[in-house]
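One structure is given below, encoded as structure tokens.
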Amino acid sequence: MPREDYQQRLAKLQRDVVSMSDLVLERLTMGLEALETKDEDLAWRVIDGDAEVNELYLEIEQECVDLIALQQPVAGDLRLIAASFKIITDLERIGDLATNLGDYTLDAQRTEFQQVDVQELGGFAQEMVEDSMRAYKDEDVDLCYEIDAADDVLDDKCERLSELVIRDLIQETDVDSDEEAEVMLKEATRLLLTIRDLERVGDHAVNIAARTLYMIESDDELIW
Amino acid sequence: MPREDYQQRLAKLQRDVVSMSDLVLERLTMGLEALETKDEDLAWRVIDGDAEVNELYLEIEQECVDLIALQQPVAGDLRLIAASFKIITDLERIGDLATNLGDYTLDAQRTEFQQVDVQELGGFAQEMVEDSMRAYKDEDVDLCYEIDAADDVLDDKCERLSELVIRDLIQETDVDSDEEAEVMLKEATRLLLTIRDLERVGDHAVNIAARTLYMIESDDELIW
Amino acid sequence: MTAAEAPEASTTEAEDSWLDVDLRWEHLKGRLFLAGCVAASLFGVFVLALLIADVLWEAILGVVQHDVSIRTFLTQPASRHADQAGFYAAIVGSVWLMIFTVLLSFFIGVGTAVYLEEFAPDNRWTRLIEANLANLAGVPSIVYGLLVLAAVVNFTNPLTGGRVGPILLAGAVALALLITPIIIVASQEALRGVPDGVRRGSLATGATRWQTVKNVVLPAAFPGILTGTILAVARAIGETAPLIMVGAILTARRVPEGPFDTFGSMPTMIYYWADRPEITFHYLAALGIVVLLTILIAMNGVAVYLRNKYETQQ
Amino acid sequence: MSYDGNPLSGDGVAADNRRNRRVRRVFLACAAVTVATTLAIFAVLLDNAFSFFYDSRLHEALLGAAVEARVGFVEFLTGTRWAPYHAYPDYGVLPLVNGTLMITVGAAFISIPIGTATALYLSEYASPRVRGWLKPTLEVLAGVPTIVYGFFAISFITPVFVRPFFGFFGVSVDYYNAFAGIVVVGIMTIPIVASISEDAMNAVPDDLRNAAYGLGATKREVSTHVVLPASVSGIFASYILAVSRAIGETMAVTLAAGYQSRMTANPFVEIQTMTAYMVQMARSEASIGTIEYQSLFAVGLLLFLMTLAMNLLNDWMKRRYREEYR
Amino acid sequence: MAETDLDIEVDGDEGTGDSLETASTPETVVSTRNLDVWYGESQALQSISMEVPRNQVTALIGPSGCGKSTFLRCINRMNDQIDGCRVEGEVRFKGKNVYDGDVDPVALRRKIGQVFQKPNPFPKSIYDNVAYGLKIQGKTDDLDRRVEQALKRAALWSEVEGQLDSSGLDLSGGQQQRLCIARAIAPDPEVILMDEPASALDPVATSQIEDLIEELAEDYTVLIVTHNMQQAARISDHTAVFLTGGVLEEYGDTAQIFENPDSQKVEDYITGKFG
Amino acid sequence: MAETDLDIEVDGDEGTGDSLETASTPETVVSTRNLDVWYGESQALQSISMEVPRNQVTALIGPSGCGKSTFLRCINRMNDQIDGCRVEGEVRFKGKNVYDGDVDPVALRRKIGQVFQKPNPFPKSIYDNVAYGLKIQGKTDDLDRRVEQALKRAALWSEVEGQLDSSGLDLSGGQQQRLCIARAIAPDPEVILMDEPASALDPVATSQIEDLIEELAEDYTVLIVTHNMQQAARISDHTAVFLTGGVLEEYGDTAQIFENPDSQKVEDYITGKFG
């Protein structure tokens, strides 16, 4: 088959994107774990790990540009490159969100609002990202649509949790001191932001699915 | 000069990106105004206007793909297209953030926290986006660096305002009822999210600047 | 070319392993081979020089030693007496022959070439004509003479019993038959030299075949056709055998008065003189050759001039 | 919008087309003349040669004239004595064929090696400047009328070169001798070999030479390994053409080699070729219809058939090399 | 042009062939229906049905020997010049089957200009080159203006203005090709056929020709064969992909063909996975 | 290859020419220094200084007539064949100036193979084609194995295995070109020069040749001239851009040249704004 080297580079591009997603997902897991266990070391590792993601991001982006500049891709090949070009932006953003989780771990005591199950939410969002990358890797159309549906579930979950946090906050108005109140408020804020961040992780998963769908079928239904 | 049609399409692409940014900025202005004036009509217009941005986004993206598939761009031309391809993602996201502002208008009463000057913050973020698009249009390297610097200022502002909100909330613990408390909390949440959104607008402006810098000088300093 | 001799002590380590090939023997063989080729090439030149020198030498000998008058030679017809013999009638005969030969062969030659190159479908008949042409071009000239002798000269009118006889026109027919294939081949070459793209360009513009040929192809090929024709006529003018077969008068004592008159010509005259045992006639032959060659060189000069002009135009 | 009628016809076009067809017919007629020529040669030669063998023309025979055998085919083709004027005439054509072949083969030994080497030099070695004068010079050699070569033979080759040189070795050389004929015919066919071979060599694409040079071949290797094999059919075509020309060559051999028909392999004696006999016959006073006179056509026919065979062979060869590099 | 490119409607029905009953909509200038072409015994085109829209550039691409040139030659019946070439099916020019008995190919070619692979100016002056078609076709009124017009349209006028009398052969390759284009458009045909018009030119001349083709499409219908896929992508509005065996595998909007072809074979061909 | 592409170090100092004192680093096989070439009175190359790295593909691109072929011919002294061609400056092959008096061009060419624009197999059998270079260079031991080896490297073995005795001219264009590559690499040269090796081929054959060139770069240093910018982009590691007048305008890593050239002229040339 002609243009072997080029085909190999395309395959490698796809692999690289997948390994970037692995890296990002790993950091997301670590971020969630750090939040859960209040493990500052882990949090630092998440935060410092962002550099690696960013590097990989730049490298893959460069490879996309190289491929476009040097190989004149068309049709499916071009769609793969364009999808990868966009997907890595989402992955990078998910990486940033993981960094946020690390940040929250460092700032927060995480003593209040035990009833808010961030882990479950995080797990759900993470699964969406995993699914989207699986769709990308396996060029699975159905999965793309599933992810879009899952996002609605996630959004619901987030809304309910946010309400829960606020309701909790109101119910626990009997704080001892201003300091304590401040801590609690900050805690609540952080929690709300965490929820928001996880919701965004889901959004990015949908983006990835949308791009993947476009790549496979050149169907822009999910891209808004 | 050869390839006239192609050159014209490139110029038009750049113009289209700029007009997309105009559209997005206009919606940002409208969103801020809606928040300020609690004008629900305006808010709805902002929210509904998102469709237009998304359409333009898809159209420009398609044109980028067309240009890559059909015209085999290299060097500066390719960098322009790649930059546009990424920048419109940022613009679209800014458009979404404007939509958020509309949403907040609808939900919120905006009676509390008068001292938090969201308008000033919004104006600042908006200016950053304008600058970044000017840099893109005029291929202005210095401006790109300025925007990066401005983002630090914006981040500072946001942090200070967030603290302010939380402090306010604590100081005003003497709420009459649970309902009132809930309203106030929701208000605070929304305000915090607004601040967070405006901070993100600034981030996107930096992204645009970074892309522009890369386009002009192929210098990836600002891209993280 | 003495890489192998490694003149200086090797300086860098790269140079040690550099082009470790011994080619002395190869180069020696090459030089010997070249020497052979050059010698062969010069042989032709050498012979030509000898030939010209010989002819000139004999002609000068004739003029200087045997008092052959150049003036008499150029203005008098042939004669039994060497001192009165001239070349005039032969020259005129050859000029007449040339004119009729061109008239008879040019249009048929060019027409055939145009037909074959521009109109003919690629079928068996066309291929037959082409093959036939290649063959005609190789038929010995004497055979054409034989053909005309039997078909024209000996043609006897069944009614009057009158025989056509060895007339000038018969000679011209023989020469025309002889050079028509040459003109055809030269014209074909010239027509082929016109790029096919030009033809298709014209046809695609909506021109008919003939419009294409007339307006584009023939103007472009004309210099080539003309050159070929001149060279062919130059060939005809030196031909002897067909004229002898046709029955040309070997001793041209009389200027022919028209195409139906008997005739002599330069080459037959030369043959006659050269074949005579008397030495003086020999010198006359040499002088005749000088005249003949002069005319030939002039014609070739014109052809070369035309060709060069044409080639620079392309 | 619909397009009615035929948008694709017009009066101007029809007139142009009619003219085109007329012109085409005229040119076809021209081409027919060339075919007629060949047919005429065949017809006339056969017709007259028939009367050499059977005492009446072929067409007369076909029309019912009496046929009486005069000379047998076998006698003609195998007889070793050619003496038409003798009191006891013999019509064995072999001595004439012998003369012709002697000249032809001898000439080939001169023209083939020299012509091929010249062609190689011209196409592979000569600088444009050298080529610029050498090639026209050879063309002049080809353009010199045969009668001039004949003169050259009897005024120079025989007296100045052949007789003194071989005389020195004790060989007696006739005034007319085959050797002089061989030399001049050899010389005059050099340009044929050189020019057609060179064409064939030039037809070898430069790419091919460069390929060999690029592999580190020397010039000689390029010439002998690449150019020669690649143009071999064209070169052979030139040889055949040269031979064909030598067979049909008339005046030079008539003047150089003489009028004495004999079966011999000695190149230093007078011989007679077929063409020389025909010239001799045409000059004679024999009257039309006599057996001597009709022998002209029998020999002519044989000559024609020999050259025809050569030409067909040449044509076949030429076609092959033309097709090789398209 | 960019805008137009975004708006083009793909004629999506050419594959079916059934809708051709009402053959010539105003938009279609040349259409073929079940066109088969044989050279002797071997079939070069197989049942090609295709509609070429007016005033657009339609590119024909495909591997070597797939019949692109053959298809082009069918349209102005230049195939008539080739012995052993046999055509079946219909080629309609403005609704009329050009292979009908009453169609004169010479007249047809006066409506359909052609530009060839190698620039082939006549060995005449620049002026005479352009005027040639006009003279042949008897359009000799106002000759100078028409010649100037054609040269201007071919973007050559400014370069040759002062030297109309010099030979067309003295021009550079790219200029010669533009001269040939001027010659083809001078008698004002409706369709221009081009068989790899830039393959003998260097990149700069090529891109001039490409620009010119895009401009010509404002006034003419242009059909262009090219070996260069990128060239087809750059300049054409519609692309027809022929594949080996003389099959029209896919025909549609150029952007669609190059971004998202329907046929997997076409995808493989344009991404270079072919063969 | 993708990884390599990302890691390549650009030799950034070829412009200065001063660092050439210590000419042959192990990485540089061919280098030129202030190379000027004239044809008669007209200068075809102006002061070219450039270093060609070992075992990589270096592409030469530029507008027509800018001297790419001339440069290539200087390296194996094929310019010696051209009358009126005069060379000044240095062309170093493994540190030795090939224009030194004691260098035999015939010997030089045995170390530097060449592949031409049009496939030019000898009219001999496939086997003899490949064996030719080996024979004249006296490398006749183990001939069969060497021939097989070369054909395998040229990715032709599987296609011609059973028909080594049939003529090289019977192959298709792309196969012929691979045969020529096999012929060039059979005597195991160190450098292979290619002057537009795919320009006479159709796209499929072209992309086979391109693949092959990339593979060859593992064992040989490949210098390739191409008119096709995209081709240079696809297959080369380094690109040298020549511009009209015989100037080496920019030389560097291919990705850098095509994404972010230093010279504005190069940018204009590769984006097609040139001329």
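Side notes on the structure shown:
The letters A, B, C, D, E and F name the chains in turn, as written, and every chain counts its residues from 1.
Assume contacts are C-beta pairs under 8 Å (C-beta built on N, C-alpha and C of every residue); 3 or more make two chains touch, one makes a residue touch a chain.
Fair warning: this is a prediction, and the values are worked out from it, not measured in the lab.
Separation of chain B from chain E in touch steps, taking the shortest path, is 1.
Graph distance from chain E to chain F, where chains that touch are one step apart, equals 1.
Using the average of C-alpha coordinates as each chain's centre, D ends up farthest from chain B.
Separating the CA-averaged centres of chain D and chain F is a span of 50 Å.
Centre-to-centre, using mean CA coordinates, chain C is 14 Å away from chain D. Averaged C-alpha coordinates put the centre of chain A at 52 Å from the centre of chain E.
Rounded to whole angstrom units, the spacing between the C-alpha centres of chain A and chain C is 91.
Looking at chain F, one finds that residues 106-108, 110, 137, 204, 207-208, 229-230, 233, 258-259, 272, 274-275 touch two or more other chains. Residue positions of chain D with contacts to 2 or more other chains are 13, 16-17, 218, 221.
Annotation for chain B: residues touching 2 or more other chains are 2-3, 6, 65, 69, 72-75, 78-79.
Chain pairs that touch one another, listed by label: A-B, A-E, A-F, B-E, B-F, C-D, C-E, C-F, D-E, D-F, E-F. Chain F contributes residues 63-64, 202-204, 207-208, 227, 229-230, 272, 274-275 to its touches with chain E in the complex.
By the touch criterion stated above, chain F contacts chain C in their complex at residues 24, 94-96, 102-104, 106-108, 110-111, 137. Residues 1-3, 6-7, 72-79, 218 of chain A are the ones that touch chain E when the two sit in their complex. Taken together, the chain C residues at the contact with chain E in this complex read 121-123, 194-195, 197-198, 200-208, 211, 215-216, 219-220, 313-314.
Those residues of chain D that touch chain C in the shared complex are 13, 16-17, 19-20, 23-24, 26-31, 33-35, 37-38, 40-41, 44-45, 47-48, 113-118, 120-122, 125-126, 134, 136-141, 143-152, 154-156, 187, 190-191, 194, 218-221, 223-224, 241, 244-245, 247-251, 255, 275, 278-279, 282-283, 288, 296-297, 300, 303-304, 307-308, 310-312, 314-315, 318.
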